[in-house]
Amino acid sequence: MSTPKTDALVIAGKAYDSRLLVGTGKYKDMEQTRAAIEASGAQIVTVAIRRTNIGQNAGEPNLLDVIPPSRYTILPNTAGCYTAEDAVRTCRLARELLDGHKLVKLEVLGDAKTLYPDVTATLEAAKTLVKDGFDVMVYCTDDPILCKRLEEIGCVSVMPLAAPIGSGLGIQNRYNILTIVENAKVPIIVDAGVGTASDAAIAMELGCDGVLMNTAIAEAKNPVLMASAMRHAIIGGREAFRAGRMPRRRFASASSPVDGLVG
Amino acid sequence: MSTPKTDALVIAGKAYDSRLLVGTGKYKDMEQTRAAIEASGAQIVTVAIRRTNIGQNAGEPNLLDVIPPSRYTILPNTAGCYTAEDAVRTCRLARELLDGHKLVKLEVLGDAKTLYPDVTATLEAAKTLVKDGFDVMVYCTDDPILCKRLEEIGCVSVMPLAAPIGSGLGIQNRYNILTIVENAKVPIIVDAGVGTASDAAIAMELGCDGVLMNTAIAEAKNPVLMASAMRHAIIGGREAFRAGRMPRRRFASASSPVDGLVG
Amino acid sequence: MSTPKTDALVIAGKAYDSRLLVGTGKYKDMEQTRAAIEASGAQIVTVAIRRTNIGQNAGEPNLLDVIPPSRYTILPNTAGCYTAEDAVRTCRLARELLDGHKLVKLEVLGDAKTLYPDVTATLEAAKTLVKDGFDVMVYCTDDPILCKRLEEIGCVSVMPLAAPIGSGLGIQNRYNILTIVENAKVPIIVDAGVGTASDAAIAMELGCDGVLMNTAIAEAKNPVLMASAMRHAIIGGREAFRAGRMPRRRFASASSPVDGLVG
Amino acid sequence: MSTPKTDALVIAGKAYDSRLLVGTGKYKDMEQTRAAIEASGAQIVTVAIRRTNIGQNAGEPNLLDVIPPSRYTILPNTAGCYTAEDAVRTCRLARELLDGHKLVKLEVLGDAKTLYPDVTATLEAAKTLVKDGFDVMVYCTDDPILCKRLEEIGCVSVMPLAAPIGSGLGIQNRYNILTIVENAKVPIIVDAGVGTASDAAIAMELGCDGVLMNTAIAEAKNPVLMASAMRHAIIGGREAFRAGRMPRRRFASASSPVDGLVG
C-alpha cells in the first residue's frame, strides 16, 4: 500500500514515502547490504564516511555501486568521530566526495564503550555545520531541551536515541520521546537502539516521523527478512498513529480509566 | 508481499495466509465493518452469535451479506456466555445456522465487569464441545498449565488473553505468553486486550501464531486505517520472529550482556 | 517503628504486625534459616511438610527447634504436591504433627518445570480442606475470577503469584494484582516470584495485604541482610499505600495528566 | 536499625547515615514540613534559596527555625534559575546567608513546563562554582557522558533525574542510571521524579548512593507517613543492593536464564 502524498516524510524540502532510514554497516558483504536495503524500502541510507569506501579508495569496491545515489538519498554520517572538529571535517569530506551534497547526519560520540553522544561537542559541531550551509540531521540524547536547541540552531531533523547504539533495547524512555515530538517543528527521527519490529512500531506510535536503524537489521539471523519486517512495522506504527488508537482502560467499560497510580 | 506457503497459519487442517483475526463488533455500521475487515486482510472473522444477526432474524440486515462465508472463514464465538451450558448451546446454534460448520471460538466469562474468563466453565465446555465434534478455538487466561490442558483436551487452538477484553493495554505478561508458546503443539493466538500496532507486533515476536482483536480496530478514530496498521504490524512482527532478532545488550560490544539483575 | 494495631494483618482471626511472610527452604543451614527469619521480622513462617523435618523423623534436626511455634505461626505448605489428593493428605499430616493446628498454605502444582499452579486441582483441594475445617491460605494464579472463587469457597487468604516460583522476576501483571485486591474481602498475599526489595514494595503499594517469599531471601548472596531489606521494603510499601501517593503526571503542573495513550 | 558506619554516605568529606535527602517545598505549613522531614530521617535538606526565607526577610517565619542547621545539613538549591549566571549568583547569596557554607545543589532549568535541566548552562555554572570553592552537587539529565563530565569538572556529587520534577513517574531509564553508577567515582544521587516508595527502592537497588525527593512526600495525602515510607524504602533498597539479589530467571531451575530476547 503506497503512502499517500499527504503523509510523506519531508526532510530539507524533499519528500520521501518511506519513514525507515537504514545504515549500511555490519553486513556480511555488499550483496547482503544491497538486498537488505531493498527489502527495507528505505530511501535514505546512511554511510559512515570514515570507514566506508564511497570513492576515497579508487581500487576498492565502492558502496555506491550497490547503493546508487540515483536511487537512494545518501546520508553521510560522522560515525567514529569524538570531537566537533573531526565531525565537521568529516562532513566537509563527504560533501566533496558527493559533489556538493549537503545533507549530513551528525554524530559526535562521548566514549567508545557506550557510544553515547557528547552533547557539548554535538551542539558546537551543529552550529558550525549549519553556518557552513549543511542540512544537518543530528543524533543526540533523548533530552527535550537539547533537542529543541538543536532545532533552533537550524538542524533540519533531530534524532534522539532510543537506547545505546547497537544495544537493541528499544526505546528506554517513552515519555522523553513523546515530549520531544510534541515540542518539535522539524522531523524527529529515532536513531540507535532499536532491536526488533515492535521497537520501530512504538517509535512511530509516539508520533516520531521516522526511525533510523542499522544493527537491528544487520545482526538479525536473516537480515533481508528483518529488513522487510521493519518496513512493515514502520508502516503499521505510522498508520496506527494516524488512525488514532483506542484509549487504554482497565476494562472494556468506558468508565474504567487506567489507574494513574499504577506505573 | 504475499506469505510464502511455508509460513501459513494452519488451524484445524486449513491454511491461512493472514495471521490477523478480527471481530465484527462495535463498528459504526455494516459498511465500516466491511471496509475495516477488508483493510485488515483478515481471513478469519469472529461473530458473536448471541448478538449478531447471521440469519436468526430474517427481516434484519445480515452480517454475512458484508462478510460472506464464501470469502471469509466465519468463526462464531460465544461472547456473552457466562456458563458452560450457555456456551455449548450457542455453539450448537451456530453450527445449525452455518450448515454444519464446526469451527467455533469458545469463551465463557467469569464476570461482566472484567470480562475475564471463567476457567472452570471453559474447561468443562471445551470437553463437551470437542466430544461433540467441534473444532474448538478457546479463549482463556495466560496460564501455561491451563493452556496445555485445553490443548490436551483437543482444542485446535488456544487463545490466551493479552489483557482484559476492551482494555487496549497490550500483553501484560510477556513471560507467560512465551511459556505458553514454547509448550504448545497447537497454534497460540493472542486474544483480547490488544490496543495498538506494536501490541500486535510484540505478540508475534514472542512466537504467537496469530492475534485476534476487535476493539483496537473498531474503537480507533479511523478504524479502516487502524485495520491496515494491524495488518502491517502482524506481518512485521511475524517476519521479525522468523528473521531471528539481534540479542539485547547493554552496548554494541558483544561482551556486554543485559544485566540479568535489572528488570 | 511498631505497627499501630489499626494496621495489623488479620488472618483467620489472628492479628499480626508483620506483613512479610517467609519460607524456610533453600538456606545453607539451620542457623542461617534462623538468622534470616529473625532479621525479616516475619511472624508467619511456611514449612514444606513433605520435605522438612518438623518431627516426622525423630532422630534428625527439627526445624521447629530454630523456628519455635511459641514464637512463630507455623504455616505448613503442600509444596511438592501435584494432585488435590496429595495436597489434602499433606495438610492432614501437618495438622497431626502440629497438634490440631489448622492454618495451612495450599499449593497444587501443574508441572515441575514452571512450578505454576494447577487451578482445577487447587479449587478441588480448597473445597475439601475448607469443609474439613482447615483455615486455607491458597497459592494460585493471578486470575481475578479464580481468586474470587477461592475466597467464596471459604479460603481465609488468597495468594496470587507475582511470577513463577524461584524466578525472581517480580510482579508480572500489576493490573491483575490490582483487580484481585480491589475485589477481595480476604487478605491478598502475593506469593512466589519476588526477587528484590522493590518487588515487595510494589506489591504493598498495589494494596496487597502481605507478601510471602523464600528464594529472594535464601538465594541472595547475604540472606540475613536481604531479609532485613525485605522487612523495610514491606513496611515502606505499606506506608506508601496508606499515605496515598501523589498522582503520576507528565510534569509538575497539575494539568498534565499521564497520557493514557502511552503504555 | 542504625546504619553501620561502613555504609555511610560520604559527601564532600562528611559522613551521613541517611541516604534519603528531602526538599522543603510544597508542604502545607512549617509544622508539616518539620514533621515530615523528621519522619524521613533525612539529614540533608534542600532549600530553594530564591523562594524560601532563611533569613533574607527578617520579619517573616524562618525555615531554619524548624530545620535548624545544628541538626541538619542545609543544602541550598538554585530552583527557579534558568541561566548559569542566576544559578551562580544564587549560590553566592546562599553562602552569605549561611555563613560561608559551601555545599550547594546546582540546578539550571531549560524550561518552565518540563523543568528539565539545561545541560549547557549547567556545565558552565558548575565550572564557575567549583572554581569559586563551592562543593557542588549537581542536578542533571540521566546522560552518562554528561554525568562523567560534571564529575571531572569537580562536582562532589552528580544527581541525574529519574523523571521530570514533580511527575512522580519513577526512574524512566534504568539502564542509564546503571551506567552512570558504574562509571562514577562520586556519589550518584537520583533527584526528581520519584513518586512512591518502590521508586526509591529501585534507585538504591541500581546502586545509587542516595535519593533526593520533595513532591513525592509533600504531595502525598499523608506526607508524614509517606516520609516514613520513603525512609524504609531507601534502607530496604540499599540493603537489597548490598545483600546481592538472586538472579532473575524464567523458572526456579538454575538453567533457565531470562531470555535475553524478551524486553
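Chains: A, B, C and D, in written order; residue numbering restarts at 1 for each.
Just so we're on the same page, a contact is a pair of C-beta atoms (placed from the backbone, for glycine too) under 8 Å apart; a residue touches a chain by one contact, two chains touch by 3 or more.
Source: prediction; values computed, not measured.
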item: Interface residue overlap between copies chain A and chain D, same or different (over half shared); value: same
item: Averaged-CA centre spacing for the pair chain C and chain B, given as whole angstrom; value: 34
item: Geometric centre distance via CA averages, chain D-chain B, whole Å; value: 47
item: Residues of chain A touching at least two other chains; value: 114, 164, 167, 169, 174-175, 179, 195, 245, 247-248, 250, 258, 263
item: Category of the chain touch graph - line, ring, star, complete, other; value: complete
item: Chain B-facing residues of chain D, complex; value: 174-175, 178-179, 206, 245, 247-248, 250, 257-263
item: Residues of chain D touching chain A in the complex; value: 110-111, 114, 116-120, 123, 141, 143-146, 148-149, 163-164, 169-170, 172-176, 179, 195, 263
item: Sites on chain C touched by chain D in the complex; value: 1, 113-115, 164-169, 195-198, 200-202, 204-205, 215-216, 219-223, 225-226, 228-240, 242-253, 256, 258
